[in-house]
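Some structures are shown below for you to check.
What follows is a pair of complexes built around chain A, which joins chain B in one and chain C in the other.
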Partner chain A sequence: MSTPSKGLSEFVAEATEILDTLAQDLLTLDERRGEDVDPDLLNGIFRAAHSLKGLAGMFGQDRVAQLAHRSEDLLDRLRLGKVELGPAALDGLIATIDVFQALLAESARGEASPEVTQRSQALADHLLRLAEGAPRAPEDPLAGIGLDPGVRAVLTEYEEHRLRENLKKGLSLWKVRAAFDLSDFDQRLQEVNAKLKPLGEVISTLPSAEPGAGTGIAFDLLFGTRRSEDELRAAVAAMPVALQRIAQAAPPSTASAPPPQGEAAAAPARPERRKRKRGTSRATGTPPIPERSGPAEPALEAAEPTLPAVDEESAALAPVTPLPTRTPPVTPKPELDASLRSLTQTVRVDIRRLDALMNAVGELLLTRANLQRLAETARMGGVHAISKLWAQELHRETRQLERKLDELQKGILDVRMVPLGQVFDKLARLVRRIARSAGKEIDFVITGGEVELDKLIVEELSDPLMHIIRNAIDHGVEPPEVRVQNGKPRRATIALRALQQGNHVVIEIQDDGPGIDLARVREVAIARGLITAVQADEMSVRELQNLIFLPGFSTARSVSQLSGRGVGLDVVKTNIANLSGIIDLHSTPGQGTLLSITLPLTLAIIRALVVSVSGRTYAVPLNSVLEILSVESSEIRTIERREVVTLRGQTLPFVRLCRLFGLPEVPLKRHYVVVVGLAQERLGIAVDELVGQQDIVTKPLGGRLQHVRGISGATDLGNRRTVLVLDVGALVEEVLAPERRADFI
Partner chain B sequence: MPWKVLIVEDSRASRELIAATIEAIDGVRAFCTGSGFEALKLLPRHRFDLIITDINMPDINGLELINFVKKNPNYRDTPLIVITTEGREQDRQKGLALGAAEYLIKPFEPEQIAELTRRYLRIA
Partner chain C sequence: MPRFEELLEDFFYRPEEDVGALFDAGGIIEAPAAAAVEESPEEYLAFRLADETYAVRIGVVREIVKVPPLTEVPRSSAELLGVINLRGEVLPVYDLKLRLRLSTVPAPIAGPDANLAALPKSARILIVHDPEGDAGVLVDAVLEVVKLRPSTLEAPPRAVSGGDRSPITGIGRRREQLFILLDLAQALP
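== the complex of A and B ==
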């Protein structure tokens, strides 16, 4: 595996951005099947494919370039109206997204597997056939009108096509001359565009070659509309524009530009422009491209799911610790004029740099704690007035430092945040494809795509979410006929929701399918030897449901293409647990299943509960703590040689931390029980004392201590005391499934 | 005085590659922008010795930029090179007719753009 060069990683980053836009716009196009096609949207998609081709070509990524080239060709013919946009063409284009992703993933690793090459080639050939199919008869209405040759000379072929389309529909064509001051013309022009867009289509924006008066600049907009002259004039009444209808054999424009207006309210121009570039705005009054079935085509096998498979390494239970600080090589760029900064308002940051920053903040937090302790000691122990004064000052400084640190921490956390929509969009494509191949009719409803989470968490979420949704499609949705028989709507609904709750994000996946078949779960678990019949009889509904998270459990009667890939919900459980997430499962027979995942906003700095046991101090990540109970010794019962307590009528497994770690036991009448949850498991951990809460940065343990189970690392509490951080996941697993783990210390 | 070259290209990676290529030439300073509008704003503020532009851009197209430069007495002597993925013959002819000195189709060899830059800046 070769190490990708810096240039290559830049290529992958930009290509990924383009691909995200492409995918999003294609999905929008797909959702609007059967509606009039928005030419801006289609052109935006074309531009994305076009950019991708250019980019890949420049970086010598031939496979990406070739597929982008074929996509672009097809899109070009679609937008020029030479090929009609039917289901075949749309499916072909949507299929490219996954192949592009596979290609980019290989590029990033510096690889090129024959399988992916072959898939890409097959798809490229398919697109070529689509582009060649069903040509439309060419006609040229442009020939009829006497457009100013100076204007026509600067129209690209696409713009000419749009002009033709407008004329064909019998729209009237206007030249809108707008003059502005050079300093803010882009904003003013956006304002004019915003007024015009609802009325028709702005075909081109030609900066007038006539030299402006000193600091002015004029534009000629070519505008097609169905609206009357009065409506048009009313729309732009307050704008510094002149209108001229382009009639047949119209003479070159001699309209004089009105003086620039300086006092009109400025509109935020950048989002508008981005919007236009991405082609998400919709034009009204533009000619539709009718929907029609495409020509017969060979079945497309390239559309295989390609989201990366969960590998064993990432699935292994590993304590979550900050990445080691590595500073990527930074080559200083030549400083350009400040005004030449990139126009986009998003910043792409290498996550490793952020981790380094985060570490620095962690250290600063420790300094703060030290300072606080000093201040406290001085204030309490200081006898001289002068030292008291000093202590007060120090105290004030510490407060200041604390506030600054909070700001810094918040700012950095914000930089790490990315919207969940990034993952949700990928899942939407997956659902569409899987549902089709499984013969199921599903509405996939996404809400909360704007909710933001730490980038690392979002990245790690895509695999588990994919598994859960595959499962929902496979097991949680009945075939359409069965649904109708059961009196349900023919189309099933799978909802994917995200919502923020304080410092947590809750992600819910809900289906309206048959619910979990507990009888069958029981049957399978016994058949697989996961539990005995006697154990099964003693299990609560919740415990039975949770059996589906055990490794080796799968109720699919046959190994299907969808869920039966040898990895099941146990992998989901492990992945979510690695993110300190908590899984809740609710299933109602006949009505459906709701699975909710609660995740921390970030893992970089965590809040911990500091507890003490037998005179030793430990930190418990607060993300995993559900509640704290105070329990009398008499309330502790023993079932099958395991201690349990009763919590709101439910049996809660209970463990004394001192016994687990082999520490001398302090006899106590009352125990504090820290109830922790990890994935779907719950456990009560008895401790002697609750010390308090604190922000901690977990450092990995080195050398031999590294593999000690039950401990995820160490942290400094600020009083120069290093304490161990409990690995809640390992503890839960240890206590609840000791037969699977014999190597505990 | 360094030679000033304006690069108008909406792909950041392409833009930076072109800039790095020509800035490797002694005395050349690249000014980059991703939009035609931004280019229109920059033109009166600097005296550029060379303009390198893409055709497909989100706001105005490259042909419109060429037209603007070549019809304006203040800028018309500035040589203009088009670098585009747009292999469309009609657009190429229009670009050259409007006064572009060169019309390159991507992908190009960095040496090719360096050589053209030297030629149009008359650097030996």
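== the complex of A and C ==
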């Protein structure tokens, strides 16, 4: 027995939910046996079966998908009136619930027993035969009514069916012509609908063939009702509508009107159809058996005799006894019917509820920090004469609280974690599709789908990843012929990797294509006016490569189906930066490109570096801190008046936070420089002191302070003082792109 | 006072001041004997700024809190004194005196040089509702809830309401006492 993966348990959870709805609706249908079928109910069941089919297909659960497919087919024919919803069809459908449950139970355990497979097969075949049952009597009650052929031609199959049903029940059919002014017709139409609905069924709403007066628009509503003409007229008296009867309601007792004729025509047809159906069931039921191989055969034959029995019973129109008819197609299997407990242990939770819990934990963490401080003071002898024992006890209890709180925090963070595979699988499908349409041959290799990240991050990540991969396919992979010419394997490889490194997750997208064409990048950047030719000559390879992340840089000349959808890598960069992520790019001409994204595990609680400048305290999210340097004042140089420091032979832009924020400057010989990275940019931020590291919960600044530059939020460090959290991305942007910013100020 | 107790005071949850008593205290103005129309008085919260008495509609006031040390926001206007963290919600606090030209320097309650002792002991922060986001305003004292009949309100004197965007919407009068009525949506930057 294999352990089911997280993906599979998700499938079981979701499928169980759908199945619950399905079962509930089917039972409602069952309770109303013999009554008129509510079309909405039947439509609902049809949709549930459809969803189940889609879901099962997505997770490769073929057995569930196949049975759902057959149910859907039958339901579709039922709702279109091609097959009558008799006891046989209903029993067949109800039987599916047990089988679905058995299938899901096995899926949950990661098994697939032959018995259940056979049961499911047999039932699917049974449903197929039900669906292929003979069509209804050919007499068309619609022929005899005053319905314009032009109108009939535009009705959907379903609407026609509803028309027939209404006629069969002996209801009046009305054509309600409603003319409205163009300005408010949708609202007025709704009003008319609201008036009519309680009285009967609005079968179809069609724009009228005859145009309304002047600026107006007219609709024909086909409406079936049991009510009298007077009632109907009274209901719509205040509306700009005209009524025209197209079929007369049958007086309850007399058999003069067309509907009873339809009924009469249908009645004799019924036994005949049953017989024929039984005939076809044999005819269609037998041939498939030889096609199927080996072990399935005996069981099918064993199941076979019970199936016609259902038909016989209902054909004889024996008093409806649901119990015996419902069970026969299903070979009872005690294990499966034994328990009413649901299959999954899963609870679906709105992510916002988890956010609220997380908030509460954040507040608790602050209280904890306060308590720790108190306990520490007390232990050190403090200012009060407290018994030593008491102080020790307080200290011990605080430690205990601390441990439990850590568990709680970790638990909530864990709940928010989902595997990256969720996104990766979607991307795999996308790659197949777009590779085909681009005429490229690509092996898409995924590793690390099991790595987990905060749900919020995974959601936000899917679009950027999609862009990057589209780009990789569009620009990063040569057509097969070119690859062969260049001595590369015909099929290109795009690898998508995820791996966890401590508190970070690194996602890499690597192709073995031609690499970034620097000459072309240079040309485009100059053509778009992003840089001048002189600037371009001074740029390093790395700087040139990074030009592709600039807004307005997109080498796609037109909006192609692939990457050039008007959004480029600049959007990717922004999205990743919003997640406190860092993008890095390495490209080797002729060998390919590697894009790596480093992300924090979660955004809810982050580790921050607490720094102080001119007596003020700020928090810097640690996930954007690359390293910390200690720099002598004498090491600071200026280039065009901008300060830089040299880090391992490279020039690092440098900014003093106190100057940037306009705070009084404390003269210092030695600065601490926090090197931060955002996407591919690096910046050194000079601070006076490093205070320490701490887990923080960042609270956004309210609506009024959104425009404050360089601050992403505020947090509490446990001493009841609010501390601002630096927005590293905005600071890097502000310092490194002053020319662009100068336009706004 | 010993440090330990100070720490405790700091640590314990500090409930916001109960304004319930103020509501009860609000004196109902005796209606003039011949009230032409039945008119329900509106409630205003009166507070002191410098030596003037102002009032805002009671409905805009969310709560009243004691003044904690504020965290200054770099590169913001002088009117923004700083932010406070009110039960997990970060709120800006503004200095109305600067806006109303009752003072030229912001109250020293934010940043490392904060000196809360320089404020009157009765100083409070009113947390007010605002469509642009709730905010706090610093006042020297919260006085009472007054009920004023709309018909008794006077338009602000021309000399006072400088310009179209004046936050002063009128003058309320109770016997000899004047209440300057403020529209906080205009008063907040």
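Basically, the second predicted complex is superposed on the first by the 384 of 745 C-alpha atoms of A that agree within 3 Å, B and C clash if a C-alpha of one lies under 4 Å from a C-alpha of the other, contacts with A are read in each partner's own complex, and residues count from 1 in each chain.
Criterion: a contact is a pair of C-beta atoms (placed from the backbone, for glycine too) under 8 Å apart; a residue touches a chain by one contact, two chains touch by 3 or more.
These figures come from a predicted structure and were not determined experimentally.
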If you stack the two complexes on chain A, which partner ends up touching A:Leu701: first (chain B), second (chain C), both, or neither? second
Looking at the overlay, does A:Pro479 come into contact with chain B only (first), chain C only (second), both, or neither? neither
Should A:Lys53 be classified as contacting the first partner (chain B), the second (chain C), both, or neither? first
For A:Glu157, using the defined touch cut-off, is the partner it touches chain B, chain C, both, or neither? Pick first, second, both or neither. first
Report for A:Leu206: first if it touches chain B alone, second if chain C alone, otherwise both or neither. first
Of the partners chain B and chain C, which touch A:Ser614 in the superposed model: first, second, both, neither? second
Which partner, chain B or chain C, is in contact with more residues of chain A? B
Per the contact definition, I'd like the list of chain A residues that touch chain B in the complex. 7, 10-11, 14, 47, 50-51, 53-55, 57-60, 65, 150, 153-157, 159, 182-183, 185-186, 189, 204-211, 215, 217, 273, 276-277, 333-334, 336-337, 339-340, 342-344
How about chain A: which of its residues touch chain C in the complex? 359, 362-363, 370-371, 373-374, 377-378, 382-384, 386, 614-616, 661-663, 699-705, 708-711, 713-714, 716, 720-724
Taking the touch rule as given, give the residues of chain B at its contact with chain A in the complex, in rising order. 10-14, 16-17, 19, 23, 29-38, 40-42, 44, 55-56, 58-61, 63-68, 70-74, 84-86, 88, 90-91, 94, 97-98, 106-108
Would you pull the chain C residues touching chain A in the complex into a rising list? 2-5, 7-8, 10-11, 68-76, 80, 83-85, 87-92, 111-113, 130, 132-135, 188
